[in-house]
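You will see chain A twice below: alongside chain B first, and alongside chain C after that.
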Partner chain A sequence: MAKAKGYSDPKMEEKLKDRYYYREYSNPDFTKKVHDLARTVNHMCFQCGTCTGSCPSAPRSSYRIRLFMRRNVMGLEDESLTDPDLWLCTTCYCCTDRCPRDIAPTDVIMAMRNIAYQRGIVPVNFLKTVQAIYQSGHGVPNNDVNRAVRVRLGLAKDPPTTHSYPEFLPGIRQIIDHWHVKEKADKIVAEAEKHG
Partner chain B sequence: MAEAKGHDYALFLGCIAPNRYPGCESAGIACSKKLGINLHPMKGASCCPAPGAFGSIDLNVWYAMAARNVVIAEKMGMDIALECNGCYKSIYEVNEKLKHNDDLRDMVNEVLKTVPDPTDPTKKGTMEFKGTIDVFHLIELYSDPKICGPDRIKESVTRPLTGTRIGVHYGCHLIKPKKERHLGDTENPMWIEELVAALGAEPVQYRKKMQCCGAGGGVRGYDLVHAIDITNEKLGYLHDAKVDAVTEVCPFCQLQFDRGQIEIKEKFGKMWGLPVLHFNELLGLAQGMSPTDLALDMHAIPVDPFLKKIL
Partner chain C sequence: MADTKSKVKETKAKVTDQKPRIGVFVCHCGTNIAGVVDVKAIIEYAKTVPNVVHAEDYQYVCSTPGQKKITDAIKEKNLTGTVVAACSPRLHEPTFRRATKEGGLNPFRFEMANIREQGTWVHMHDPAGATEKAKDAIRIAVAKASLLEDLTPKSVAVEHAAMVVGAGIAGMQAALDLANAGIKTYLVEKLPSIGGRMSQLDKTFPTLDCSQCILTPKMVDVGRAENIELLTYHEVDAVEGFIGNFDVTLRKKANGVLSMAEAEAKGISGGGCNGCGDCEPVCPVIKPNPFEMGMKPRKAIYIYHPQVVPLLYTIDFDSCIKCGLCVTACGEKKAIDLEMKDELRKVKVGTVVLALGYDMFPVENKREWGYKQFDNVVNSLELERLICASGPTAGHLIRPSDGQTPKRVAFVLCAGSRDNTGIGKPYCSRFCCMYSLKHAHQIIEKIPGVIPYIFYMDIRSFGKMYEEFYYRIQDEGAKFIRGRVANILEDPVTKNLHVYAEDTMLNRPIDLEVDMVVLAAAVQPAADTDRTRKLFGVSCSQDGWLLEAHPKLNPCGTTTAGVFVAGVCQGPKDIPDTVAQAEGAASAASIPIHIGKVELEPYFAQCIEEKCAGCGMCVNLCPYSALSLVDKEGGGKVMQVTEAKCKGCGTCGGFCPGGAIWMQHFATPQVIAQIDAFLLGGAK
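Take a look at the complex of A and B:
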């Protein structure tokens, strides 16, 4: 982000590096896109920090929700989407309940994640859940140990969901395929596995 | 939907209760029945779908898949009852969003048109979100005096949980964000404590009661150590409050607190050994169900120290 000054001493370079943001870093469409997806007044943030102060992820990581809110207002798309902290929000909605500007920071994070995914930036665990649901209709599918216990409890060995009625799976796959999510998930997961 | 015989609801199961803690499902059905709440299976329902995973990737798929589940209940002509906060986030929230946003509803219905009908999978073109039903968490039905209420719960108890101290973990998506829910205060709610007291147990207040379990938003899968560090903090406060068990209303929170304790032992070397019970399991015990009937042996952390106090 920062522009290099060209000092030969790397320590000096780091110390005196340019800390300004320039217009070319900002993409106003990003702010708007987040607004449309999140359906919240993201631009109203006045940086009070109540959100970070409420956040269970903040004390144990470098994740700062307030920083993401600022980046969003400034249209700093790349900086937001390539920061691995984006995926540390537990979606607990504490910040949303407490924000004095009636913003839903949680939904801003979810919108940013959606945009990151569109650009192929997404941790594989999210995609694996998609693959599991595509396969069986369940994010957490049944197994044989559990089937035996269900029978002992007087329940059917599989719940009356897509597990017992797989004829509904094509419909679910159709929904997922409509937005090409499985296709994209397979590609990104295969790519990630190739690179270990 | 009130009838003389009781209240009928379509039961949305989700994934973790039926596939990991089946006792939550069997207890939910059996206990509700005693309280005048009849739960009917939703044939062909799927994952809600997981709000952390799908919501993070493509909100449209999340809306459409959740809407498909809602439509199954619309066709049954029943409101939905469920027993998981994650499911509540997807099913309750999407139901409300589609009721109030025409653009979202139209988009979803465009896709649902091509999806097979739950009453007859050979039929297509009949799936449409109409917005005719409401979605409830079982715990709010238990708490609502018009449906059940603490007094009725108390009457149903045959084995009071006297002498036990229980901490309540509300979880996040049942009550937050508060302006999109209708369940009141989110800083220090006490209505689940009232239900715990109705079972004869002593509800115990503890520090950071409203903190997240740590699992949500895909964080459990993304960074396990980060997730269980949040859990570990809460377990410490529960321990300080000298509780015999923690109860919750979300199988995903349950998984995080229960299996999470094994992971905490592995990663941080600390074994809390705190029994974790879904409110349905607690209610089942108080209504006289046996630990075997509740599949309490499926728990990673043995529930025995708690059982010793009440059996």
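Take a look at the complex of A and C:
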């Protein structure tokens, strides 16, 4: 495990911290768990980079799908789940289309997001989506700008969804409540807000 | 071959006249067997099996002292048969047969019980189960050994001639070696010229020898060799027979042109094709030349390139319109026969070398790289022609879209190799890394200021002086980018290409605009490989390459005795490895020919005459045409076996409604005894 250097200055301690990779960081059960959830051979990545080369997120962000695949091979659970880049995949499946090892990196990402959620590690903005769905039935609810455009296009101002049929909202909330999704989201958001 | 026809036999009711006395020898195989099963318990058990009069174990029964235990026991205990419980018969059956023979018994009085491959290796986590299974295997083997009879292998003469199929560098080398060893060799090639893929290459790595310059002398040698009969534009049509006596039917495809010898034979003295080429300019039909990867035209009457061997024009009858202009141009030589038809011919050879070569994988199947969609994406064989002085551009590399000289060229390695998607090939094509380095060198040499970008996953430079070549090319300025290419897009205006990948060393996606892209496409078995291998009864591995007899210890042999493999048809390999394997295959193929005879395992079917009703139904069932119906003395018909043709497959033996067929070494009573021993647990 990483050794503390014992500098009195915390900034110095952070700057010069032990960056070795230790065997203890690797959790083979994590690789297996992701494998079973994603149903793809996540341990077979040979780091060719076809995925990152195909990824629309990569040229616009720090997200590197290949890096997550490498962490999967090595079982680096904490490093994978705490990296906020985990949430930058658009789930477009371009990488899955092209991976020469026939791995589905997209499904690996989704499996890791599920595990991260179980451990309460989710960026707050994603959880706001949960709250939005709970309130309106939509991840991205309709708004006045949209309504105006719809009317201009000759459409009803609200689509034929929960916006037009609010009587279906309780059903949706029941599903969300059944899995305690909202409850958990609220808790994580509150926690995050408490810590600023 | 009257002596190989079986005399119709007497009833084999009595298999042995003596009471069987069997010796059992259990091998430890170090810890391979003894580390799993309880050898002592097995020995104690073996002693209780009916007919067993001797049982012992030893660390390595295949060793000299181990074999001596067998010979000694046979003499001391007056054994009638031996059983060794050890590995699979594949490797050591001959060893133990020899030991049995040295003990004074007929070698076919030996039976092997496989307790390693089918026992301790597969059940290594179940020692108790493996021990019980070993006991079963021994009991079953003893049951058979008790009923084994003396057999004598037949030997047949080997035809003093060989055939090599495919005249690329592998086939040429094999044919030259065989011919130089004094063996008449038929070299069969489906194309009009020998030379194969190597004749399409510009230079060879890592020495940068000009490919044609080192190849043409060999082509000329092949053309001149007295012992080689060159059969270009020929295909194998049918194969009969077995090692020593293959009867191969060849199809001489109609090429519409008489060679000088053929003309002479037809009484046209001084006629026949002398390669003058007078016919070619007058031919009105224009087709792409496949030798130039379709980048140069040829006529319906053509030669691929000026160095063809034999120098003989060929008419492509699929495109010939029979206008007859060439006939006129040829004039007095009377070489052209527009009505020529395919001819069949049979040759007899003792052994065969298959050197069937390879094709490029259709890399357009990987849609993301744009081959056949974008003008400036070529495959590496096309690049070879585009940089070759004798190629369509006289060696000036140009972009297909506009004829401009490219200044930035991307090379995509593993283009369809190491691909588990089901579209590409799962294997490494083995020579693309190195030829791509060579390509980088060649364009640097030809085009001032050019930058080759090599997209790779791993550079596999394993051969002699290969790593040094890699160093040299990097030093010359090639840029190596470690990342597999994700996709390629074309700028519709400039026809430049954008190569998208990740530079995995920089951990950054890359968008590289280049003038031209070369795909180092995977290789796959040549189109006709599957048909040809089936004719010779040769198996293939799951990727379609021909299966060698043993990947390490018998890399040139196949599962069919007398048929050998050389070159890429057995698996991707570069020129040095190809030539080495060709020499190995030629040497292996010459051995039976030099010995002059081969021994056949005596597992022939035999006819029990008094049971045979002469119905003849077995005759058509036999896959090897080994059976025939002959007149019986005193009227009627009876089946007769040509032993040299019989492979002992047992099809007839299992079928015969009257039980009149005796399969030597796998006779019905022997097999029944094995089944009984298994099912009845060897109860006395």
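Simple rule for what comes next: the second predicted complex is superposed on the first by the 153 of 196 C-alpha atoms of A that agree within 3 Å, B and C clash if a C-alpha of one lies under 4 Å from a C-alpha of the other, contacts with A are read in each partner's own complex, and residues count from 1 in each chain.
The rule we apply is simple: a residue touches a chain if its C-beta (ideal position, glycine included) is under 8 Å from a C-beta of that chain, and two chains touch if they have at least 3 such contacts.
What you see is a predicted model; the values in this text were computed from it and never measured.
K.L.:
With the two structures overlaid on chain A, would chain B and chain C clash, or do they fit side by side?
P.N.:
Superposition result for chain B and chain C: fit.
K.L.:
Hey, is it chain B or chain C that touches more of chain A?
P.N.:
B
K.L.:
With the two structures laid over each other on chain A, which partner does A:P160 touch: chain B (first), chain C (second), both, or neither?
P.N.:
First partner only.
K.L.:
For A:I188 in the superposed arrangement: first (chain B), second (chain C), both or neither?
P.N.:
Neither partner.
K.L.:
Per the contact definition in the header, classify A:V73: touching chain B only (first), chain C only (second), both, or neither.
P.N.:
neither
K.L.:
So in the superposed three-chain picture, is A:C45 touching just chain B, just chain C, both, or none of them (first/second/both/neither)?
P.N.:
neither
K.L.:
Output check: A:R64 vs chain B and chain C. Expected answer is one of first, second, both, neither. What do you get?
P.N.:
In the superposition, A:R64 touches chain C alone.
K.L.:
For A:V108, using the defined touch cut-off, is the partner it touches chain B, chain C, both, or neither? Pick first, second, both or neither.
P.N.:
neither
K.L.:
What is the minimum C-alpha distance, in Å, between chain B and chain C after the two complexes are superposed on chain A?
P.N.:
5
K.L.:
State the interface residues of chain A toward chain C in the complex, per the touch definition above.
P.N.:
Chain A reaches chain C through residues 46-55, 58-59, 64, 66-67, 98-102.
K.L.:
Which residues of chain C touch chain A once you look at their complex with the stated criterion?
P.N.:
Per the stated touch rule, the residues are 368, 414, 418-422, 424, 457, 482-487, 500-504, 507, 509-511.
K.L.:
Hey, which residues of chain A end up touching chain B in the complex?
P.N.:
Touch residues, chain A against chain B: 37, 39, 56-57, 60-61, 87-94, 96-97, 104, 106, 110-111, 113-114, 117, 122-123, 125-130, 133, 137-143, 146, 149-150, 152-155, 159-162, 164-165, 167-168, 170-172, 174-176, 178-179, 181, 185.
K.L.:
In the complex of these two chains, what residues of chain B are touching chain A?
P.N.:
Checking each residue of chain B against chain A gives 13, 15-16, 18-20, 22-23, 25-26, 41-47, 49-61, 64-65, 68, 101, 111-112, 114-116, 118, 121, 127, 172-173, 176-178, 186-187, 210-212, 214-219, 221-223, 226-227, 229-230, 292-293, 295, 297-298.
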